[in-house]
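Worksheet for the structure shown next.
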């Protein structure tokens, strides 16, 4: 099976400090890959580099078989690669419906498109506050909206950056449900997490990143079995 | 004999050598420094430059002055006093010019006057109007050609007296030129028209007139006469609003400078007919000398001469006459040749009064009238400046030297 | 005052308010989305007026009637909109990531370029546009005549407000614009072509500027002074209304319109001051205008001075530099010395601004206020007290410091763009006072005869005096930058909450910085006054403030040597270009734009960066 | 006499109530955790105690002295130190200078202009840095530090004012697990030895339950529960509203 997202030899720097070294990873259609690592390991940078939000070099950076290296961010997004940022970054001045409108893109062939109504089915509490401004929503609600907004673009894959960070435990559980639901819809997810327990609950495969390098890549079960690796890379 | 001849030969040789270098010195051009706001005030300064360039050509074609051609080294003064004095310094110290002339804005003129005084070099202000140049800030080195504020307002007040209007409203831009013109008007109208009163005064910020509000405010005071000092974009706005709202109907309107082509041309066919103005009816002046100037100017530039063109042309001829009379480019000699000297110019005979270095050039006063597609002056008369100049006592009181 | 007069005056105010709003609305929109304070907005307004004043008569010639007139107005606005697109694509697009001060500088470059281009294209003369067919005649209101065109203008303001509201609230484009206002990167990550969005916004903003200008032609002759006279008022409107808020701009324009209409009855001589006083009062009460919000200065904020290891042999090099400068009179001619004197004066001026911007993070757009106060303080002392130079210098310094204390007291309550605008307002108020209080300040003629005492009357002597004072002041300011006081300023710049939480009284600290910087600029102003022999209001004007910013930014705000290098480069550039061509504004503008693009960290900063990259 | 007493604090933004009659006390040497879901009003309460936000009603007392409306600077002088949710340090300075700056302010020298800031209190600063384990990085620029290290520097800065009360807003947010434990252990020992009272908010339940001596639970601006970690763990209302029933997801091994 050809990977949906194919990354080989990705490196990135901030100024003169190199933060990513030769990262390679693949995401296949409909799977959830967890990119696990502690803060500052390079998770967020990896996601941003894929989207062209930070300047990076790569031997191969392809989405659906097409090279996306050097493309402007919006073109990458339009190819069907969604992004949910770490700090949610919803538009607080805009209402829920307007936030969704910003995310709307033309539908892609082969999948039933996400409509506002369908999303409200998946996120019932958003439906109740469709006219509310983003600034008046709680953190958990904002996180849900951020995901819904990205789904409005009918992506084939979503880069999901630390969805559990800073969220009440009860919402974290709801988040896991949502990711499972997306997976059921056939959306692939590249999840960045330092909460490995959360990642383990929903991930099919794990990639462990440390100091900008991939330390481990394999089935989630193997990662869970390797306590030494966890202790070394995550301090647990 | 042999000895004598030897000496003779030597003397001849020395004479020849000296003669050759003297001859060379004589053909080297006389450098004159010029500066003006060519970028920022192009509408006024470019015609002025065209005027003096025409004069330079004519003069040099006739062999220059003292047998040497005139070379004018021209610079942009940036429209600010700082740039102007720096540029002037460059002209004086680097280029070694013999005298300076130019500048348009009053504040630059004042700063240049002070500069001239400090550096002891002659500066001839052609255009700036402020009285300060020849009064409070006047000095031995600074001369002015154009009739100043005081003189032009005086000519208009004479007309005010004739009109019989008593209730006067003033509208003037709120900066030195506007305020000093308004102050002179207030003083002179009370002196010459018994019972005259000022019923309204409006001082819009320069270039920012709220014309509608200003016109309403003036109208509210119900004046018989209006004295206008606004110019440029403020003037056009004022004229349009005033016309639409009927402000000028049945009133005497006196307006400074509005009859100059500089201001009439932008007004196109909307000239406020009947306004009494100072200006320059270039197309109606019939003196042959002036006609020759107009013809030459139009032939060369295919454009209407402005008052600036006339001043530029005049100033260069006056400089030529001065140097010729001085016989050298020495500053003291030039000053001596300028003071109380008479010049035969295209605008008639002009005297450079010695006590304030203000020329007696006058102004044309008349009524605005529409001629075809643009405005002009009718019933105009040239008022020689001599009788409008500030009295010697006033000059002495104001000047420090 | 009878009722009909009051009514007419109110209508006059409404007409002005409408015109002002239409233009200012574009400025606030562009700022909202791109975060660029577009100095060139007034230039676009001017281009709109010139285009319409040229195009509409031509169209009326073809077919006389209201349709031609209004079509001509709209086409002119569209042309200006396209000019906005050109500016966006060629320049702004390349500098969205640059520190906001650089963006401001680049747009000021555009102002210079357009000033010359307008003269080249439309000619130097004012162009009186035609009146609107069918609207020439006045209407009678309460027994007074009122121009019918003004009634159209009064309606146009709310119409534009409604249209803009509709676009922003009811169209996808508007939703995207509002989203981009908040988070550009996220908008791009959601698949929106933000380049197109920005271009669209610039088109809309420029279109509104052009429309504002074009609508003026039946009232005002298109003239070359329109750009700077409208931009100051547009700034006031957008700041009073709250940056980025369209309804705020509308409200602010209404208030300003009425204030001007009735203000001229009460204060006929202080119209300029009234508007800026309003702004000062509003910002003192509501620091973010009517509907504005605190500006969060993100990663694009220019970073200032940072701790670095003292350069090896730095003291030695500086000493050699000073000695070389002191030897200049031995080789230079008088003119060179004059230029060198001015470079030193402006270096000192820019350096005093460094204390505010580079150290304190306080972006002042009105630093000319203190320069001018110093110059006027000296000149007034000479003129009114007949004091010699030795007494006038301290007087200038004192006046500048007092002014800075007063202005600073208002300003330190604000932050970001509002702070910048408040300083601009303060400088404009002082400018207006110097310009309009003729009895004391000499108005636009200024004060002349401010020459140095005999012992420094010579060029060389005065140059050496300037050098000495500049070196002493720069060393003093450098000392301050490295002192606990300077560190505390930097601390407040780096993180205000952290600085407060460790007990630093941030506002007082900044207030003191204003006084020190003001005093420094005051010394520069005094030196300048005596080197020129005169002062005039232009010393307090916007271009002088922009000069200081340009020199500082060209040199680089991260370094102590930056302002010195910047002032030398700018001065020499101007000195070399001005005699060559009357198109010097065009070339100066292009040079500024070019330098912003090539040296995004300033000359010294960029060169040091190159050095470090190589190392 | 409690170290800190908070009495019926109220705050509303627009119509939204962010804090309603919040009252509690912090004692010397204790670590009191303030938890609750996002938007429950933790930051609001925190900022009212820190002086960043004035309350609509209510009082804040430090050692029985009202400081309700005191500025952050005054609170610092009274003995309140704090760290921020997103670490706030002076990025243009070195690590040591950061702490020196705090010491300069503590000794009321921030108006001095004739001396070099770098020479002030360097030894004391190094002392504090070694207490938080950052002495080796003293001369590095703060801008190049890893996030967890910035948090340590922040702690040293807060301690420079010799506080009686330390406010820590999510002290471990953004840190790795091992670092979290280490930082909290360090904080704990400092609290005990110096008799400092610590009030902190935290999302990481391991940190909360592992280090807090008492816990307050905030929900929609009101305190719904207060007590020892064990009591809170058993509280049904808290479980339902906040903790949920699947501890596996919170990261506990």
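Note that the chains take the letters A, B, C and D in the order they are written out, and that residue 1 is the start of every chain.
By our rule, a contact is a pair of C-beta atoms (placed from the backbone, for glycine too) under 8 Å apart; a residue touches a chain by one contact, two chains touch by 3 or more.
It should be emphasised that the depicted structure is a prediction, and the values quoted were computed from it without experimental measurement.
Peer 1: Which of the two pairs, A-D or B-C, is linked by more C-beta contacts?
Peer 2: By the number of C-beta pairs in contact, the winner is B-C.
Peer 1: If you average the CA atoms of subunit B and of subunit D, how far apart do the two points sit, in angstrom?
Peer 2: 75
Peer 1: Whole-Å distance, subunit B centre to subunit C centre, using C-alpha means?
Peer 2: Each chain reduced to its C-alpha mean, subunit B and subunit C end up 34 Å apart.
Peer 1: Show the residues in subunit D shared as contacts by 2 or more other chains, in ascending order.
Peer 2: none
Peer 1: Residues of subunit A that contact two or more other chains, please.
Peer 2: In subunit A, no residue touches at least two other chains, as defined above.
Peer 1: Let me make sure I understand the interfaces: which chain pairs count as touching?
Peer 2: Final set of chain pairs in contact is A-C, A-D, B-C, C-D.
Peer 1: Please name which positions on subunit C make contact with subunit A in the complex.
Peer 2: Residues 172, 175-176, 178-179, 181-183, 185-195, 612-613 of subunit C touch subunit A in their complex.
Peer 1: Under the stated contact criterion, what part of subunit B meets subunit C in this complex?
Peer 2: The contact residues of subunit B facing subunit C are 38-40, 42-43, 46, 75-76, 78, 80-83, 85-87, 89-90, 93-94, 105-107, 110-111, 113-115, 118, 130, 132, 137, 174-177, 179-180, 201-205, 207-208, 210-214, 216-217, 219-220, 232-233, 236-237, 240-241, 244-246, 265-268, 270.
Peer 1: Write out the stretch or stretches of subunit A touching subunit C in their complex.
Peer 2: 16, 51, 53, 72-75, 77-78, 82-83, 85, 89, 91-94, 98-99, 101-103, 105, 149-150, 153
Peer 1: Can you list the subunit D residues touching subunit A in their complex?
Peer 2: Those in contact with subunit A are residues 16, 36-39, 144, 146-148, 170, 173-179, 203, 205, 241-244, 246-253.
Peer 1: Sort out for me which residues of subunit D touch subunit C in the complex.
Peer 2: Listed in rising order, the residues of subunit D that touch subunit C are 50-52, 71-73, 76-77, 81-82, 84, 88-94, 97, 100-102, 104-106, 109-118, 120, 141, 143, 154, 157-158, 160-161.
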